Each structure stands twice: as structure tokens, then as C-alpha cells.
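Following this line, the structures themselves.
Shared between the two complexes below is subunit A, which pairs with subunit B and subunit C, respectively.
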Partner chain A sequence: MSSKRASTMPAPLKPPTSLASSLIIAEHASLTGTHLITLGSNTVVHPRARFNSTHAPITVGSNCIICERSSIGFQSEAAANERQGILIENGVVIEVGAVVEARTVGEGTIIEVQAKIGKGAVLGKHCKIGPLCEITEGEVVPDFTVVYGPGMRRLDRSGVEDLKMKMVARQIEVLKKLIPSNLAKFQ
Partner chain B sequence: MASFTPYTYFQCPCTDTSTPTRNLGDEQPPETEENSDDERTFDPRAPRSNYSLYPLEHLFYCEDCHQIRCPRCVLDEIVTWYCPNCLFEVPSSTVKSEGNRCTRSCFQCPICVAPLSVSSLEAPPEGLGAELASQQNGPFVLNCAYCMWSSKETGIQFEKPNGIFAQLAKIKNGGEPILTAKDRRKDREERKRDFSGSSAAEESQENEAPINLDPNERLDPESQFSNLKAFYQTQMAESSPVSALGFTGDYGYGSPGALSRIMGLYTGGSYADKKSKTKSGTMREARDALEGLQIDPLSDEDAINKLRTEGWESTASAEQRHEQTTHTPFLSDLRPVAYLLRTKRSKRCKTCRHILSKPESKVQTTRFRIRLVALNYIPSIIIKPLQPILPTASPLLAPLNPVQFLLTFKNPLFDSVKVTLATPAKTPGRFPTKVTVLCPQFEVGANTDVWDEALRDNNTKSSLSGEKRRTKAEASEGQHQAEAGKVWERGRNWVSVVVEVVPPSLRIEDSEWLKSEEMKRDGGEVRDGEEVVEIPVFVRVEWEGEVGGEDSGLGGGGKDKEVREKRELAYWCVLGLGKVDVD
Partner chain C sequence: MSKKQPKGEYIETDTGNKVSRRSQIIGTTNIILGGKTVIQAEVIIRGDLLRTYPASNPSEKQGNTVAVAIGRYCFFSRGCELRPPGKLYKGQFSHYPLKIADHVFVGPSSIIEAALIGSHVNIGSNVVVGKFAIIKDYVRILDGSVVPPNMVIPSFSVVAGRPARVVGEIAEGEVDGMDLREVYRAVGNG
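Up next, the complex of A and B:
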């Protein structure tokens, strides 16, 4: 049904992209919008992950994992301080169904299943936003914050972030073997 | 408030209803004495009713007493103790000696209660042969995958990935070792020997490295308790070597000797002195940390300083502290919480001691060996409004406006049953609902095989008692009005009857009740729960069943399968029909 309807519509415009050569991007990922989308090296983009640069550019660092049905990009007009777009730093994991409208997502942060990051929020380094947790618009979340349960917060002082980054890297190694990449489609 | 799900509660007969309930201070209303036993209605709003009403699913049925049994009239017996995390069955002797927590490696996060997992702090081996490397090497920590708490935050690391419980028992928060109770005992014995002046040579032979404990040591709560306990035990043993009854130590608490000593504490010793002048030593209190005394002025100051520097963020929440066994004001004091063991229980009838429910003792199986649940013995009642409620209409009942509900009785027995319903014409309480059951007596078919029904329908078109079975289509077309004395709809093992209610008006001035004398005493406000239309129904079920197994077995030779006996079961139910619009 949906594929038939899509064929009658004009194909959505391809956004300008700057993709690293070692990027793994699945054929069914969707990149839409008008601003530049930059995806770094060794990053993995699952099928049906959505990037929307209609309102502002998106920059994703290296060694990130962007999972299925997650949505990255502003869904409404960018405010003055949001013009430079969304910056996702290295080693970030965005889990299934998460919605990210943050200005910045710090290094090594994990955004769990179906979490929502409000527009213009700033997440620090090595944060973890738990499943179904929400960060409100424009909120600034300090480094090492763990958001879990019904809005509970704590600082993670375990100091094992290097280990976690290594684990993400290992996960990417596995995903590289599993997900066929189709870089050419998006260039 | 808006939505309301109709409910049915059953009253267990174990509660004594022979004494009418009334509010404290009330005089006995004269009417109740006139009422004969049969006319007494059950008041679902009476303060006691809450304790005897249960959903059918919560009830048992004792086949020997032929009676409903509720959680209040059954006895629980523990079949198995097990850990909910590792499903390991714990023998009850271990539970007695080790306590009711899992002593393997099962822990809950002290921050968020999620299960903790053991992980290595070392990165897993990489490169060639990484898969072959059998085990990760330590140090290991417990960490929570949900809130990312790690035992490293409180300075606890483990050498081995298994037997965490035992390892944790030896480490304080911060990583210092805890002296085990055994080590402490050794130390105590040494001191005793020093005190009594025994030879030092003997000592050094026994243990090569005697531990010398600091009398001003800051103790962890467990050690403090064990020190205190040991100290007072020796004190008691010394002060009353053998009490009058021949008990020593632990057992002396309740003995006359102990009693007189305690009395002595309050009466300045004269009482004790008179009784036991011969007793050698007097008891003294603990003097230092070795004896369990903790005078620690620093700890308060530390706490205040910590609050000053680290603030509110560093304190543990009430829920977190609740899970802990000791006083843990700060997050850094929290310890991983070992999983509480769970039990599988069998249930017995309190009256005849027969087993009503017995689960399979193996932890992994969810089957039951015996399960006499009321659901299999007494007809269930489902409530539905007769006229379908439009989604736009208010779900509340209009006051003083008759509404009809359909009660569907479903028979779980393999014999057909005769059901008789009785309701008070007006429900008890300040705002009485008028109730009419249009068909108070009917028969419900046996719970036979579905195929039997199909075959019988082929042969004789009419069903059981010759009444015409209404089809769903007819009912929805509204061709039928509910008729008095007639069953609304009938199926294989179910029957629907119509009950008509007139909900009360909750306006105080309309209430008849207020015209009575009680008006002066009781305020006018509509109280919580009074807007719910609850109807007490007395259900009497009669059927002819096979004679109980044991009786027929004793008959021996006379194997008469056709021996059937009349059974009767009667109980109160409460039907929650809806809420009245308060306007």
C-alpha cells in the first residue's frame, strides 16, 4: 500500500551529505531535509533510522550507533541559538525509537529505547538517558548524569567510561559484519 | 471517577455474621431484634464487610467441608524457599541458619532495585585467541545495567566472579576488610585467657598470627551487634553460672534468676540482693569497641561535613534506606541488596486440615498437584448493562432512573445446578437502591463437553427446560422486553437473568433516611463510596452430585455409581453495578 502511494509522490529531495568512507549505513535508513548531514567514520546507521535536516544541519561523530526507528533532527523551526544544528559527538549510542532534538549530545552518551530528548537540550558526556525517559526542551544535562525511572537522576561515579567506549567499539565491529552498507545511495 | 468496571465479590462464610455490625456508641437498633434470621440482609458497606468479601478468583473450595474458603480461613505451609533471581531452591535448614536472602551472587541495585550483574573491570581480551581465553580476570564489580550504579562507587571490588555474597560479607564500603565473627571470637578468647592469666605459650601454638584489635575501632553494624551480643552473653553466664532452672546463657532470659536481676536494676539492687546474695559478680556494661560499645562523636561531625560538601545529592532516599539492613544516611553507605527469598506455599482448610492447594515443589514448574479453587465449584457472575451504553453517554447511572443489568451465571460443575437468588427490595444504607431480580429462580446446565451440546441441539431443538433460547440478534433488535419470571438467555452451561435497579438520588434532602431520627446525629455529606451502587445478593445453589470419594470408597462391595446426593451451597455476593451521578 504505502509503497504504491510513495511511487505517485515526487521523491523527497536528497539532502546534501558528507559521509565518511568507513560509515556503515543501511539502505533503508532515511536521510531527508535541506541542510547538510555529516556522518563520521565507523558510525553505524541501522535500517529505518531517520535523519531530518529540514530545519538545521546534523553532525554525527565517529563510532556512533544509530538504531532502528530512531529520529534525529529538529521537528520544528530552529531558534536563533539552534541554527548551527544538532551535534552528536563520538561514541554515542541512540537506541531504538529514540527521538533526539538536542543541540548537543556529549561523547559516550547512551540514549535508551524510546527516550525523548527535547528540542535544544544539551546532554553532557557519558550520560545515560534511560528507556522512555524524557529531557525537556532546552535543558542542560551535566556530564555523567544517569536519568532513569520516573525522572530520577544521579551522577555516575563508577569511572568506567573508557571500558564502555571499548564495548561500543566492539559492538560496532559486530554490526559491521551484520549490516550491509550502501554508502553510494546517500552520497 | 468516570470509568467504572462492574465487579462481583463473594462473601466467605468464615466471618461471623450473626452479630450485626454497628458503629461504636450506637444503641442497638430495635428493628434488628424483630427481624428473623432469614430476613437479615448483608450490608456491603458495613465496616466489617471489607474483610469477608473476595473476588471469586481469590477463593478456595473445601471438598470435605463443602464450603468456600478464603485467604483468612486457610493455613499456609511453606513448600519451598527459592531465590527469585537464580531460581535456586534453598533448604529450610539453610534459611534458618543463613537467613532469608540468597547467599549466592544475586543482588539488587541499592539505587534502583534492578538486578545487578557481575562484570570485570578489565577490558575483555582482544586479538588472536580472544575467544579461547576461558575467563575474564578480575577485579570484578557488581553493576546495574539500568541506572549504571557500580559497586566500585562505594569502593567494593571482588577477586572472583562467583560467591559474591561471601566475598561481600568480608568487605566494608571503601574496600577495607571486615573481620569475620570468627576472627573476633578468637580475639575475645585470647583476651579472656590473658585476663585469667593462662600461659602465653599455649596461645601462640594455636594461632600463628593473633589479631590484635583496636579497642577504639569504628565497627560496622554487624560486628558491633555480634560484639555486644557476645559481651552480654558472657556477662550473663558469669553473673548467673547456673540459674535455678538449670539454664545458662541464651536461655536465661525468661528464667526467674534473670527476672530478679532485671527487677534489681530498677529497685537499686535490693531485690536481687535479698534473693541471691551468693551470686559472685555484678553485671557491667560494655566498655569499648571490643565489647560492642561505640562512642563516636566524630561520626555526627563527619555527617554534617559531608552534607556541607556534597549536599543533598549524596544522601540516600527513604526507599533506598528502607531496603538496607543498617543505618545508611548517605549513598556511599549503601550496599548491594541480596535478593529476598520467595516461597511456594500449600494451603490447608483451617477446619478440616485437608489440603486445598499444593504447588509442585520444583521451583521451575508452575503446575499444581492439588488446586481446589472456588472457580471450579461455584457459578461465576458476570455483569453487563442490558442496554448497550453508547460511547458518548455518561458512564454514570442517572438517579431515580430504572436501569436493567444482565447477570450471567456460568456453571463450572459437571452437574446442572438450581440457582435461587434473593435480594433485599432496598439495599441497606443511607441511600437505598431499589432492586428487582426479574427471574430469581432458574436452572443452569452442566458444564459438559461442547460437542455434547451440539449433538443434543441437533436431536431436540429445544434446550433444557423447553424455554425458547433467545438469539443474540433478537436481543439486540430489542424485540424482547425483560419479562418477570423468565430467563433472558440460556446457553450450554450459562444463564442470563435481568436485574432492575433504581439508583438512589444522592441529594441529601431527597433521602428518606434523613427524615429519620438519625439525621440529627449524622452529618449530611455524601461519604466516600456511597455513590457506588452495590447490591447484596444471596445465592443458593442446589445440585445433585456424586457422593464424595471417601464415602463411596468405604462402601466397598456396593459399587453403585448412581449414588447421588443432594448438595447445597448458599452465600452472599455483592454486585458492584455502577456509580450514581452526583449532579
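Up next, the complex of A and C:
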């Protein structure tokens, strides 16, 4: 079924890419735009994840998980302080349907299902943005913040961030076996 | 798959499942559909997220793995997603099967990562069901709810909120309205 549909899709403009050799990127992921998209080593991109570099470059670190239907990239013209693009640091998990227009997403941050990160926002390290939560445009979220429910916040200083990073690494090991990578398609 | 109508929206299988041509089903060999289930356009079912942790029960056959099991008369609305949950257990990460019983309705754009969903469950639109949630029979989840991971929802509850809580009970008369046979018949290539 899916193979039939692929033929009806017009080939989108291929953006310049810099992909690590140990990257796992599913065939049905989409990379579009005109600026450089950099994806780091051991990162996993699920099918139907979308990267759009039309307005600014995108850089993703190593050991990240980008789930299906998530959308990464500015959806409108970048402001002067946003020209350097989107930087997603190491060990970030972006779950299903999340929309990320942040300038920076700090190390080990988890953006959960259908959360929205407003344009130009800066997320600190080891944050957790709960399901359906929204971060407004240009907001700066300090390290270790947990955003949950209808906009409630707290700091998580439990000190288990190393364990969380290890868990992400384990998850990536498993996903590497499950998701067939098609690196050649995006190079 | 080659039925009489060549260009309909839905493909009807031998067991009466109506699967949209525009659904995005990944890992079809690991998905079981009980029959008479409707899958609308843009629904994602992640059959590729298999269990990798070996089963403790040796009688369970290896290689006969199921990632998503769905019963009869289920209805998956446009844009929803079924995704087997994953967790770290004894130092190993593994996904676990997502089981859905009969007459389960899932509203548009809802994301389901539950472990188990009982019969006659009605899930509204834009609902997020967290990892390893267990939903028993006759439950209604209202629109926009976020069911937290590992939550167990008892039978005959009405659930809503972020995070979701039990806000009421299903009245006796309501139970008849949760049968999806009529809804199934209404779906077609017309």
C-alpha cells in the first residue's frame, strides 16, 4: 500500500544535508527546505517526521529520537536573532506530533506528544515539556524545568538526568534494530 | 486487495475491515485486525515497534510476534495514531504489545500508547493516552484529555482533564450507544 502512494508524491526539493553515518532515518521521513540540515550520530528519525529548513538551518546533535509527525523548523521568516537556525543538542527526545520552532533545545530535554515550542524559544537542559503543552514565542525556559498540565511548571532537581540519558541510549539501540534506515535517499 | 471498486477510499479485506488507502500502516505483518474495523485516512499504526525483550513464558512462540492487536468493530478516526509503548525493564529497553478489544472508538488526532484498551471504550478527539495505560471496559474519555502513563481506568468511568481524572460514571442507558456496528455499516466507498 505504502509503496503505491510513494510514486504519486512529487519529489520535494532536496535540502543540503550533512548526515552522520550512524544516523537511522526512516524512508518516509521528510527533509525539505533550502538551508543545511545536520543530523548527528546515533540519532533516530521515525517515519513521517518532518524537517523544514526553508527559513533557517537545522542542527540536531547525537543520540536524539525524533518521532513521527513531529515538525522541526521555522514556519515563517526568521528574525535577525534566529538566523543561525535551530539547534537541538544531544540526547533530545521529540515525541509524536510535536512542533518545534525553538532556537535552542538543551541537552536531554524531552518534548512530549503534540507539545508546541513557539518560534525562537530557548529550552534549557534536561527539561520536560508535557503532552499538549505550549511554550510561547521567544520564551526562555531554564534548565530542569518540567511543564505539565494547563501551563503548570516546576523544577526537577532529582539528579537522575544521567540515568535518563542512558535510557534514551538504550532505546536508540533497540530502535536501530527495528527501523530500517535509508540514509542514501537523503544524501 | 483487488476488489470490484478500483478507486474507492477504502479497501475492504476478507474479514470486513475497511482500511483507507491513505492510512499509514507500518509493519503490517505484526498487526492483527479482528475484522469489521474501520481505519480512516492518515491513521498511523506502528506495527514495526516489536517486543525485543524475550517472553518469560516459553510456550509463547518466538517469531510469531504481534505489536498491535485489534478486536472487532473498532473505529479509528482520521489522523489518530496507535503506537506500542516502550519501557526499560531489567536494564533492557523493549516495546510491548498494544491490545485493543472490541467496539473501541478513537477520535481524530488522538495518540494511543496504552498497553490495554477494553471493549466499548470511546476515546474523543485530541486525546493523548500515555504509555502503559490500562483502560477497562465501557469507558469514555472526553476530548483533549491527557491520560498519564501507567494509569488504570476502571470500568464505567468518564475521564477528562490534563492530567486525566475520573469525572463521572457511565449511566446504564448510555451503554447501548457505545456499540459501533451501525457506525461500521455507515462507512463505505460512497
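The definition used in the following text is that the second predicted complex is superposed on the first by the 177 of 187 C-alpha atoms of A that agree within 3 Å, B and C clash if a C-alpha of one lies under 4 Å from a C-alpha of the other, contacts with A are read in each partner's own complex, and residues count from 1 in each chain.
As a working rule, contacts are C-beta pairs under 8 Å (C-beta built on N, C-alpha and C of every residue); 3 or more make two chains touch, one makes a residue touch a chain.
Just so you know, these numbers come straight off a predicted model, no measurement behind them.
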Task: Check whether A:128 is in contact with subunit B, with subunit C, with both or with neither, and answer first, second, both or neither.
output: first
Message: Can you tell me whether subunit B or subunit C touches more residues on subunit A?
response: C
Query: Regarding the shared-chain residue A:137, is it in contact with subunit B (first), subunit C (second), both, or neither?
result: neither
- request: Using the touch definition from the top, say if A:159 reaches subunit B (first), subunit C (second), both or neither.
  value: first
- request: Check the residue A:150 against both partner chains and state whether it touches subunit B (first), subunit C (second), both, or neither.
  value: second
- prompt: Looking at the overlay, does A:77 come into contact with subunit B only (first), subunit C only (second), both, or neither?
  reply: neither
Statement: Going through subunit A, the residues touched by subunit B and also by subunit C turn out to be 130, 148-149, 170
Query: Taking the complex as given, what residues does subunit A use to touch subunit C?
result: 1-2, 4-5, 28, 47-48, 68-69, 96-97, 113-114, 130-132, 148-150, 167, 170-171, 173-174, 177-179
- prompt: Taking the complex as given, what residues does subunit A use to touch subunit B?
  reply: 128, 130, 146, 148-149, 152, 154-160, 163, 166, 170
Field: subunit A-touching residues of subunit B, taken from the complex the two chains share
entry: 111-112, 121, 123-124, 141, 143, 146-150, 152-153, 313
Sites on subunit C touched by subunit A in the complex: 11, 21-26, 28, 44, 46, 48-50, 52, 81, 83, 86, 88, 91-95, 109, 111, 113, 126, 128, 130, 144, 146, 162-163
